[in-house]
Amino acid sequence: MRPLVSRAHALDLLRAMVRISRFEEKCAELYSATEIRGFLHLYIGEEAVAVGVMNALTPEDAIVATYREHGHALARGIDMGRVMAEMLGRQEGVSRGRGGSMHLFDAATRFYGGNAIVGGGLPLAVGLALADKMLGRDRVTCCIFGEGAVAEGEFHESMNLAALWKLPVLFVCENNLYAMGTALDRSESQIDIHAKAANYGMPSEAIDGMDVLETEAAAQRAVAQIRVAPGPVFLEFRTYRFRAHSMFDAELYRDKAEVEHWKERGPVKTLVERLEAAELGNHDDLGAIETQVDAEIDAAVAFARAGTLEPIGDLTRFVYAEEAQNARLAVIPRVEPSA
Amino acid sequence: MNATQLKDAVLEALYSVAPEAEGEPINPGASLRDQLDIDSMDFLNFLVALKDAVGVEVPEADYAQVATLDDCVRYLTARLPAAT
Amino acid sequence: MTTITYREAMRQAIRAALQRDPRVFLMGEDVGRYGGSFAVSKGLLAEFGEERIRDTPLSESAFVGAGIGAALGGMRPIVEIMTVNFSLLALDQIVNNAATLCHMSGGQFNVPVVIRMATGGGRQLAAQHSHSLEGWYAHVPGLRVVAPATIEDAFGMLPSALEKPDPVLIFEHALLYNMKGELPDGAGPTDLDRAVIRRPGRDLTLLTYGGSLFKSLEAAATLANDGIEAEVIDLRTLRPLDDETIMGSVSRTRRVLIVDEGWKSGSISAEISARIMEQAFYDLDAPVARLCSAEVPIPYAAHLERAAIPQVENIVSYARQLVARNV
Amino acid sequence: MPSLGADMESGILIEWLVKPGDRVHRGDIVAVVETDKGAIEIEIFEDAIVAELLVAPDTEVAVGTPLARLDKVGGQPVIAAAPTPAATRTPPAQPVQVTTPVRPAPVQPTALQPVKAPPVQRPAPAPVQPAAEMRRKISPAARKHAREYGVDLDRVVGTGDGGVVTVADVEQWRGVAAAAAPAPIPPRAARPTAPETTAMRRAIAAAMSRSKREIPHYYLAHTIDLEPALRWLEGRNAARPIEQRLVYGALLLKAVARAATQVPALNGYWRDGAFVGSDTVDVGVVISLRGGGLAAPALHDVTGMDIDVLMTALKDATERARRGRLKSSELTSATITVSSLGDTGVEAVYAVIHPPQVAIVGFGAVVSRPWVVDDGLHIRRVITATLAADHRASDGHEGARFLAALARHLSNPEAL
């Protein structure tokens, strides 16, 4: 049993996870009502990984994520209203409405986006870490991907390069057992993912991705190691997504019983049970948090719906950088929705 | 030739000069030149065609007597041997 | 004025950039100890060390992606892909990351990376090592694509490219590395937006770039003997295309022959021809002509390869037919 | 019925997992729906009581169709978030004004040195175009067509936008109606009220507006005693078979040719800023086509032509104009044009010059007028002749001399 954290910290972790799951449930609702279009990949069930890993990073560290990145963006501290605005295609969104659910970007928090090409983000992360190393900056680049990416050539190339050049990269593999509709044992000859890191002489660990205390501790250990002995570390979080791969998926590839089994060990449920056992908290705390979070979500939805469409005339802006330096100023300031 | 045959011969000659007039109702009492927008050259060609058809040559002095369809039939009947 | 090779001009450009800007570094397969597959970076490792002259494993997607990431991280990387043939392994990183990030992030992240690669055939390396695919890259908004042909451009385009806030792809025709030429003293950065009239003329315009420039100039000299004055334009940039200079010439000569080592279908020559039709239609006295590689995988045997790739005599005969035609 | 994807229009409700009266909580699975991708469980986003099931199992309904009516736990009805047209759905197709990306300012361009390898001159500045000769916009198809049919493109007026000369313009100039055979003229009654804008009409419009735009017309009129000519004509016609009969129009044309020979400034073209005279008088005869529009075939070198030959040529040209069989050369070679509208009863015709010619003569109707002859008053048949001429090529004085010569020729018809 992991020694418990303080009540305050535990409630912070709980709130962080509830913000993710409730935000994504609202997204599912808005998608059914056609307010969100395109693809929508939900993270519910894996919240503990995002919260645990983001807590281990500093504001100077960088994140390169995938198209299932709402949870990471919220856990990283990106404003919920601007994330929702992006889902609704408004220019007040984090990517001016150009990226949508799969491409959330935020320069202020060094969130280098969702990437819709499986494995496409890994080389970028290696490069960001290379720059930090060459410029002598004590920063970590956290690269997040699913176990599906492990089958891509870029995984092998990036792991090798990071290890070869001892780059400060935290490789975070969210192993949720299914690459869209393909179970792990039907895509990988070696299904013990974290063991692959040994091929590159890279330290690695496999962690229970459903327990936020475990994920946080593991991430903190890995980041500390990177800062002390520069070089990449590989973490495999064993987790599970409670919902379909995306909105239009009949989940023919897995049976209900398996889903129910994993829901029994859901991250929020697990933490509340741990708090009750340690008499640090209970269901009332959860209820209070849910009420607060629902209010934040309603405000975010209101902000997003009040958002405006980027003028067609701006279509060609940023195909090439304008004054590169002040491009960041082009980020639309957060406008409080009128009461 | 009886009156009907004469009328057809006149119309035939007219259509050779103004093809688009075919199939149009022609007011037998009104001036052919106005109805069918026929100029002096067309009128001359019409009379030449009429001469080929019925063998009667209309001198310039008689132009006024062949202004309408009825006029033509009347003028030609007077100059042709009685209908056999 | 010093006489140097194209290779030497490019090496000096890299060297000058490394000296001038600490953010600049060179990365690619065998650029360090081996001295570069075309010997462009020979000696740089000894002078600048392993940190800034980085040999990479054979992982085009990873090291090109790493170059893009490092640019995001504040560096000014020069990534060398040995030849355009291997760049196909890094297409996803170039097209889906380098070209797209700035626009898709709403202007938050620009990618100031320079990617150099050799291109073109003519060395009997057969189909997989003889491609001319610069036209593909010129298709993608967000990229700049240039093709230095002269010694001065080999020296001057790199510094300009390093100043750009966006990805710049530099295509160096493999047959040019050994070419000798004059580099004026004090030569500096050269423009990346303009085509240049290398030989003014009157009767037709030869639009070309890179390795085909010198074949075109030689053809123009031959044509001059029988009174045909060909204007030869070095495009220099394939994206953006310098429509102004192209249409200016077309409106004067009224006849155009595009010489391009790429294949015809869906090529840069097709794009230029379409633009001429759209912008200078009534100035034409004959349809735009194109002389490109035969639509075949480039063969090994010398006589076959020679037949597949545009040669001087082909340019001359195409030009003569073009001048004779009128519509 | 929720939308689960942009390409999902409807779903078949297979099974209800709840019944009226059931208490449901947010996130509960309440039904199963069959879609193209298989059966998908439908969740509820409200805490409520199921009031009524609105859709029976195995019914296909469109996305957005209400499936059940809910009551709030307290009893009021719940309005579920029905799919509303979302802003993210593609906005109505406005035309996309895409500004081409502003070309980033080039690095300060240095002097571009030539390359040595094979000899290369320094890139000289582009040779300056000789006086910017406004190259006329002519489509390649039009050039090809003009060359095939020997049409002088300078004469053809372009009707495309911006004055572009198209194949249709060349066709028109050749006098060949756009279709091979002349289009059957619809019977008068069926003729469309507003004249259909045929290619011919456009060509005439373009020519006339170019004429009015470019040619400074001056106009003169002169009433001429036609009695001597008409009497001579009637005597002559009476003595010949109908096939050799003359119309007075032939005399007018001959007289115009004779007069034009004496006043050459009216016979020729205005081209590239200068008058180009013609040593023959080729008279263009305006023939109005009953279907609308006109043609002006030219009779070549009329001055010396025998009057009977002229009559035959005129008869033939009129017939071929009606049938659309005029040769292109006929339509383009007139050096002066005559427009005679006497048959319509109009007394005077002030015509518009056909570019690139420099004069056009108009004849009105023959009318009887009181006329003084040797201080006696007589009834005479007279005709009004008008001249419209290009003031760049000739002056009023020459125009007057022309009309006077015309009158003289008509006063002794036997010499024509």
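Miscellaneous remarks
In order of appearance the chains are A, B, C and D, and numbering begins at 1 in each one.
Basically, a contact is a pair of C-beta atoms (placed from the backbone, for glycine too) under 8 Å apart; a residue touches a chain by one contact, two chains touch by 3 or more.
Remember, it's a predicted structure, so these values are computed and weren't measured experimentally.
Chain centres here are means of the Cα atoms, and by that rule the chain farthest away from chain B is A.
Taking the mean of each chain's C-alpha atoms as its centre, the chain lying closest to the overall protein C-alpha centroid is C.
In terms of their C-alpha centroids, the spacing between chain A and chain B amounts to 99 Å. The geometric centre of chain C is 47 Å away from that of chain D, both derived from CA atoms. Separating the centre of chain B from that of chain C, both taken as means of CA atoms, is a distance of 83 Å. Chain geometry summary: the mean Cα position of chain A and that of chain C are 41 Å apart.
With touch defined as above, residues shared between interfaces to two or more other chains in chain A number as follows: 319-320.
Residue positions of chain D with contacts to 2 or more other chains are 101, 104. Interface note: chains touch in the pairs A-C, A-D, B-D, C-D. Here chain D touches chain A in the complex through residues 2-8, 26-27, 35, 37-40, 43, 45, 63-64, 81-89, 91, 94, 96-101, 104, going by the rule given at the top.
By the touch rule above, chain C contacts chain D in their complex via residues 3, 141, 149-152, 156, 160, 163-164, 166, 179-184, 187-194, 196-200, 202, 213-214, 217-218, 221, 240, 248-249, 252, 281-284, 327. The touching residues of chain A, counted against chain D in their complex, run 25, 28-38, 87-90, 244, 247-250, 252, 305, 309, 312-313, 315-316, 319-320. Every residue of chain D that touches chain C in the complex is listed here, in rising order: 101, 103-104, 106-110, 112-121, 123-124, 126-127, 129, 135, 137-140, 143-144, 164. By the touch criterion stated above, chain C contacts chain A in their complex at residues 23, 25, 51-52, 54, 56-57, 59, 61-75, 77, 92-93, 96-97, 101-110, 112, 141-142, 144, 165-166.
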